[in-house]
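Paired with chain B in one complex and with chain C in the other, chain A is shared by the two complexes that follow.
Now for the complex of A and B:
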């Protein structure tokens, strides 16, 4: 017998009446169709040629039209160099950018969640001012950069104490966290020109490095924000207990914190990976040919002299979706698993 | 009756807390705490929440820095030593079990990080688990255990390494009342058997009374009294200790004391050889007084409630709004609303200075 549910609990499928079930399943079916139809359309379009697309719409292969491998051939035989390069670029860039931002971002999040920082606001402003002055001195007045930095560092330490003691307004972890997140509030389009000029001046345009660094920085706030919350949910007692049990700091991190944050790390990794995989705007500015990623390749297909190549575009989109789907399937068991059950009292 | 401090097994060490101070920014959380804990002793830090007892314990553990003062374990100064080099084990209020490790892995964790050989570790884990009767649950995860079992895992993890010092931060407060009583007895037995110096933090005075060799009562970061359970109960140093120890707590009547006469409202009561006190508080314990017919005791009051607890009857009376509790034998009967007198042997009367809290007359 099924136990009577409390009034605060959502009803389970098995406990519903037939009518409710029919309504529920029809709604789910409609929604599934709504979500899955574009993917179905993508797949069948990839097996059409120009005539099938233009004279359509044709819905069912072999019935409405005769499928052809024409588009697949074009992308993987005729243009295979461009396709594979973009594919390879996308994989390298999104994997590296994800690894970099998750690694650095989660370290920052862990530190913010466990260590109390109290930097002096004046000291920070003063540091920024000195940095700006140093850059000005080197670029405009042609001062030797070694001399300029040495003077700036010396002045920083000399004045930091004096100025720092005058104004005691301190920032705290919450302020630092908000500052990091605020970097993401800014729309990337605003900074795309400075970023372009910056990489241009160091000669890194159209390279993997430039896009990896940019993606890592752009996604870092998301990692810090998600992981900060996640680390906060791990009771400090666990780490303190491990320390008392004789574990080193690294040991505590490896034995306790890392296994417990697997869920959060998996979710964050997946999110950042998808964001980098699909990113278009920054890649458009930072790459011209060698470092082109899949979104750029796909977008380029609607700007050809032959009009929009729906069929090849469909092929490109399908191969672009596959890695993300595989990754999501691989990581979802970590995401759905609630590992923290029983950490504290129950 | 508390058992005498066990013969030390060689691993037990004394703890010397010297002038502990803790500041959080401008807040002075712990004020000049000094306690000498003997090797093998069971010391309880007792006080209401926010009194600094947990802070003191965490300072001993090394989880909080010592703002000023010194800590010696045995002869070694560990004031600046990292927690893992202090040779202590701690049981947390939350138990702090590692949720992703099995019971065996939890218990064996201190040995694992010490790189103990596998065979030796397994034997030790089994021995520790058997000692807390967890031998059958070694491959379970903490989430699958009951509260009492989790508590035992935490204990086993603490004893497996045979540390010089045990620290316990309200280890029983998450258990239900019955289990708490059982675990209390087991804890006491185990501590006596192992003879490991133990510092135990609680806000529950029954735990403190039953477990401790000595109790340190704290309030607002200041040590109020340090003594055996009997001493702090029958010889409280001040108003706070008198009111904190005992259940139900001591009755208080405020008034003034002049020329060996205590006056409070309509009451006048001679108290021989007691110094004059402008604002005095009279104290007496519920079990030291009896109810008599109105007008025959040293004061009269109205019966407010009568509570039968099984082995006794608790009668709460009101005198001009002041509640007074009297413990009577279980056969005693009286109606709420009746008038009654309270009588007691004057030797059980305590007098405190209301303003300073200091005791001016011993009961």
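Now for the complex of A and C:
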């Protein structure tokens, strides 16, 4: 006679009982439905016209209603200029911002994980003061930015040592890392107005470059955080032997470290790309018409006099989603691996 | 030249990131602080600024905008007194315990700030929500953060745990569950407005059957808040899911099977082995989610425009509306209040939850 067992107990080690399986699969299937149904509704709405939407819910194309390409035509034939411009802007901005952010961010992360820094606090303050003066001179007094930065760089190199000797208080890698990562706490609303004024005064408002730089900076903390953990998890032997052979830091970084960290880079790139592709608030401030991105275009569709045109809206949203989804499905296997390192160490 | 480059390569690697962050987030932060203390008037030829001291903050906390930011204060109900006083007692007792223990003035100061913030928030809730008054944008934002994060964390962790078992179709589930995170928040706002439409949406028949045909969720404060929370959760559960899945898959299988051999029940195995080893990651994931949740602005803007009244307006949205009406001083002041609340709450969480575990282990 076998002892009495609960229905959730496994018949054998490492297996699941029938009841557990039923609970698990029903949970997963219910959630899949909850995730997929809104997307299904979005897709079928894009093939409806006004009457199909207004006369009540129709669920199945060809059975409940006759699908039309009406909305797709409206967006891509009648209004194609606006749509394509916003689409093109979005692609350019998110690709460049991601590239810039991942490049600069992973360089910083690599440096923080390999080189030990002990910058003097006073030197840093001197650097910050010079930078602030440069920015002020360029934005408020309209000094040419090349001249201003040349003067600032010269001042820094001539006086850095002298100023640094005034008082010794050293910072360490951990402080710099924490400072960079903590920037993520900043809500964009806190900094966006001064950024707006800054770009306005140098005449870069409503251009690609303004949005690209802003997005790159906003996402840099994520890049540094994820890539720092990733670089730490890579064994250092290869780099050390390369350095013994006389390779420079930039050479080691390009030839050895970057190829080894493909998974981490893929996950980080995807994450940053999604964030900048979907970003709304900063774009709302920094673009008016020429540099308008897709989220702004979609949000502006609400403003029509006839209420929301659900069918064209659906088309616009679908068109926005497709590239990211395709990209993510291709990079799917990297995402969990790449984030795993960051998550486990973080 | 080459030698010089080589010697300073470490600094040159770090310099671009540091410079960019300084220019585009530290200087604006300082400029914003200055703006919070000025009144900016736009005139024909440009704009004039005038230093007004604490007036912008005063207006938000005690003046004409108090109802907007904090809520309406008239009286405190009995329930409000009971909850407020008991929470105050609990907080003071917690502080007292710290003072009795090993004292460190830095830790004491930090706890003092945490205590002040906690007391302020508790009494704000006691005087608004628990006393039948309307609460302001701070309360709404905290509702999104607390309820939203709790919901996302529970569901995301449950799904991740289910997916980490040996099941079929793991990859398919993983891809499906990840999809909402890639959809733009603007899109999600509109999709959920379609879903919630009681006359033309997919659930119209259900609404009709329940007798809610004429009910518009956007006109009821609580329905609107809950709906925004659901939409936000739909978007961010994938994030919790992916992170927690990675954490669960990292737990050693041998340990779990050994426990199973020893006759531990599934619940025991989860509580004794799996949970302790994913707990640090869970705390980090919650922290990241909370930090992002404080910034919520696009969903309320798209789904309800902050309405009905100010019921769904978040602090970010309030600052944005202030900017749109060209009240730059108030916009900066509100943004700074948000920053202060976020930093205090997140640092307290980090210090008291994440770091406390690290200290205990040492």
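The rule we apply is simple: the second predicted complex is superposed on the first by the 264 of 346 C-alpha atoms of A that agree within 3 Å, B and C clash if a C-alpha of one lies under 4 Å from a C-alpha of the other, contacts with A are read in each partner's own complex, and residues count from 1 in each chain.
Operating definition for what follows: contacts are C-beta pairs under 8 Å (C-beta built on N, C-alpha and C of every residue); 3 or more make two chains touch, one makes a residue touch a chain.
Note that the coordinates shown come from a computational prediction; the quantities given were computed from them, not determined experimentally.
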item	value
Contacts of A:248 with chain B and chain C, given as first, second, both or neither	both
Which of chain B and chain C A:128 touches, first, second, both or neither	second
Touched partner set for A:159, first chain B, second chain C, both or neither	neither
Which of chain B and chain C A:238 touches, first, second, both or neither	first
Per-residue contact with chain A, leading partner among chain C and chain B	C
Partner chain(s) touched by A:280 [first = chain B, second = chain C, both, neither]	second
Which superposed partner A:259 touches (first chain B, second chain C, both, neither)	first
Overlap of the chain B and chain C footprints on chain A, listed as residue numbers	248, 339-340, 343-344, 346
Interface residues, chain B side, partner chain A - complex	61-63, 82-84, 88-90, 92, 94-100, 109-110, 113-114, 141-145, 147, 150, 157, 161, 174
Chain A-touching residues of chain C, taken from the complex the two chains share	5-6, 9-11, 13-14, 16-29, 31-32, 35, 155, 158-159, 162-163, 165-167, 171, 173-187, 190-195, 199-205, 234, 242-243, 245-247, 249-250, 257, 260-261, 265-266, 281, 284-285, 291, 294-295, 297-298, 301-302, 316, 319-320, 323, 328, 331-332, 335-336, 338-339, 342-343, 346
Chain A residues touching chain B - in the complex, by the definition given at the top	235, 237-238, 240-248, 251, 255-256, 259-260, 339-346
Complex contact set, residues of chain A against chain C	6, 8-10, 13-14, 16, 20-21, 24-25, 27-28, 31-32, 34-39, 41-42, 45, 53-54, 56-57, 59, 104-105, 107-108, 110-112, 114-115, 117, 128, 131-132, 135, 176, 180, 183-195, 197-198, 213-214, 216-218, 220, 224, 248-250, 253, 274, 277-278, 280-281, 294-295, 298-299, 302, 308, 310, 313, 317, 320-321, 324-325, 328-329, 332, 335-336, 339-340, 343-344, 346
